[in-house]
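You will see chain A twice below: alongside chain B first, and alongside chain C after that.
Here is the complex of A and B:
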C-alpha cells in the first residue's frame, strides 16, 4: 500500500490509514524517512488508522528520532482512538507532539 | 460452567500478509466466547505481536517457517497456543524493554504482558521448536481488561 503525501503550507502531510502492520509498516517508514531526508517538516495524519501494531509504532518513533536529530518538525495529527490506545499502551502519547486535527498541526508549526 | 473447547486451529507460513487473516480469526473467536470490544482489541494486538516475534526473531522472516495457532476456551479464559519449529529460544532473554528508552522496536513483549492475564513459554514440544501460551480471562462486563486500559 502506498501512503499518500501532500504538500500543505510547507509541510509534508503523510496519511496512514487502514491497518498499519508488519506488511505495510516498511512502506510507512520509507515514506516518512524519505520526506524527512528532503529536509521537510512532517505531519502524520492517523485519523484513518483502524489498527496499528508495534511495527507501525516503530516507524513513527524512527521518524521522530530522525526529525529530532536533524532539527525538523515531526507531529501526529487527528490520531484515531485505535491508534491512540496503542500509543498510550507504549507510553508514547506523551512523547509525540499530537494535534487534534490537521488544521491545528499546520497552525502549530509541526 | 463452560466446557473446554478448541475453537480454531490455524497453520500458516512466515509471511506478513498472513497476519491480517489471523487477526480476523481472533476477532471472530473472541466475539464467540463473549469478550467485550476492549478485550477483543487486546487479544488481537497481543497475538499479532507474538506471531510477529516468531516471524522476525525465531524465523528471521524465512518464508518457509511454519506457525501453528490454536485458540481454545478453557474454563473462564480464552487461550492461545503458538507453536513454531525454529531453534529453541533462550526464554530468559525475552524481556520487555524499558519504556523510557525511546527507540523503534522492542514493544511487542511489553504489549503482550500488559494485555494478557497470563503468558509464558511451555516445555519444548516433541519435534522441537517453541510453544508459547497466552491466556485472557473472560471477564464480566464493566471490568477493565483491554487496550484502552
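Here is the complex of A and C:
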C-alpha cells in the first residue's frame, strides 16, 4: 500500500489509512524515514487508521527517534481511539507529540 | 465487565462435542464451548478435571478423537500445514512455566516469533520487543538470561513473547501458579489491560479462584471431563449446583463406595 505524502506549510504530511500491520508497516516505515532523511519535518495523520499493530507503532517510534536525533519535528495527528489504546499500553502517548487535528499540528510546529 | 461481542464472523473459538481419550480413559466427554471476540474466558476445574487437556486441544497439540475445535471458523484438525502456520501467527501462548529458551536472553526470547514469522527490519523487531517488555514492566531486563529472573518476571517475559505478534487470541496456562498473591494480582491487572487495549480474546486455564473471579467475563467449569456450567462470575458464584459449590468452596467430593466394585478391585486375581 502506498501511503500518500503531501507538502503543507513546510511539513511532509504522511497519511496512514485503514489497517497498518505486518503487511504494510514496512512501507509506512520507509516513507517516514525517507522524508526525515530529506530533512523534512513530519506530521503523521492517523485519523483514517482503523487498526495499527505494534509493527506500525514501532515504525512511528523509529521515526520519532530519528527526528529527535536530527533536530526535526515529528508529530502525530488525529490519533483514533483504537490507535491511542495501543500507544497507551506502552505509555507511548506520553512520548509522542500528539495533536487532535492536522490544523492543530500544522500550527503547533510539528 | 467488557464489551465482548459475538462478531459478525462468529465466535473466535468453538469447541463442539469434543471427546478426548488417553488410552481407554475418556478425559474430555462431549465438551462444547464458545469464546467470543474480546472476552476473557476462564476454564476452571480441579486437578484431573481435564482443563489442561482441553487447552492442548485448543492449541492444536492433539487431534480430537471426535468432535471439533474451530478457531476463527476453521476446523483446526483439517488445516494444511501452511494454513495452520498462518493461524498460529494469530495465537499467543503463555505456558505455565514460561517455556523461555534458557540459552537466549529475555530480549531474544521475545524477538523470536518476529524473527521466525516475519521479514521485518531488525530495528523494528527490537523496538517491538522492547515495547512489549515495557508493557509487562520488564523494561531494561532484555539482556538478562531467564535463569536470572524471578518466577513473576518469567511469567511476564513469557507474556511479552506471547503478545509480541499482536495475536487475536491469547492463551494462558495457570498464569498465577507459584506466584505470591501480590504478584498474581499484578499479573491479573496486566491481563485485563492487554485485553482492553488490544481487544484480544483471552483463554485462561486456572484453578485459582481469586484470579478467575478478578479477570473472567465468563467461566467454564470442568468436572470429570465434562462442562459443569458456563456463566458469568456472578452466575457461577450464585449457582446452587452442589458440584459447583464444592469446587468454589474447595470441598472434596465424598466418594460413594460401591462395595462390590471396591472388593473386586482389592481382591481380583488374588489367590
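The definition used in the following text is that the second predicted complex is superposed on the first by the 110 of 110 C-alpha atoms of A that agree within 3 Å, B and C clash if a C-alpha of one lies under 4 Å from a C-alpha of the other, contacts with A are read in each partner's own complex, and residues count from 1 in each chain.
Criterion: contacts are C-beta pairs under 8 Å (C-beta built on N, C-alpha and C of every residue); 3 or more make two chains touch, one makes a residue touch a chain.
Keep in mind that this is a model prediction, so the values were computed, not measured.
> In the superposed arrangement, which partner chain does A:70 touch: chain B (first), chain C (second), both, or neither?
In the superposition, A:70 touches no partner, neither chain B nor chain C.
> Considering only the touch criterion stated at the top, classify A:34 as touching first (chain B), second (chain C), both, or neither.
neither
> Between chain B (first) and chain C (second), which, if any, makes contact with A:85: first, second, both or neither?
both
> In the superposed arrangement, does A:95 touch chain B (first), chain C (second), both or neither?
Touch partner of A:95: chain B, not chain C.
> Touching A:19 in the superposition: chain B (first), chain C (second), both, neither?
After superposition on chain A, A:19 lies in contact with chain B alone.
> Can you tell me whether chain B or chain C touches more residues on chain A?
After superposition, B is the partner touching more of chain A.
> Enumerate the residues of chain A that count as touching chain B in its complex and touching chain C in the other.
Correct list for chain A: 21-22, 53-55, 57-59, 61-62, 85-86, 88-92.
> Once bound in the complex, which stretches of chain A touch chain B?
19, 21-23, 51, 53-55, 57-59, 61-62, 64-65, 81-82, 85-86, 88-92, 95
> Which positions of chain A touch chain C when the two form their complex?
21-22, 25-26, 29, 53-55, 57-59, 61-62, 85-86, 88-92
> Would you pull the chain C residues touching chain A in the complex into a rising list?
Checking each residue of chain C against chain A gives 118-121, 123-124, 127-128, 131-132, 134-135, 164-166, 193-194, 196-198.
> Can you list the residues on chain B that touch chain A in the complex?
Residues of chain B touching chain A: 16-17, 19-20, 23, 41, 44-45, 48-49, 52, 55-56, 99, 102-105, 107-108, 110-111, 114-115, 147-149.
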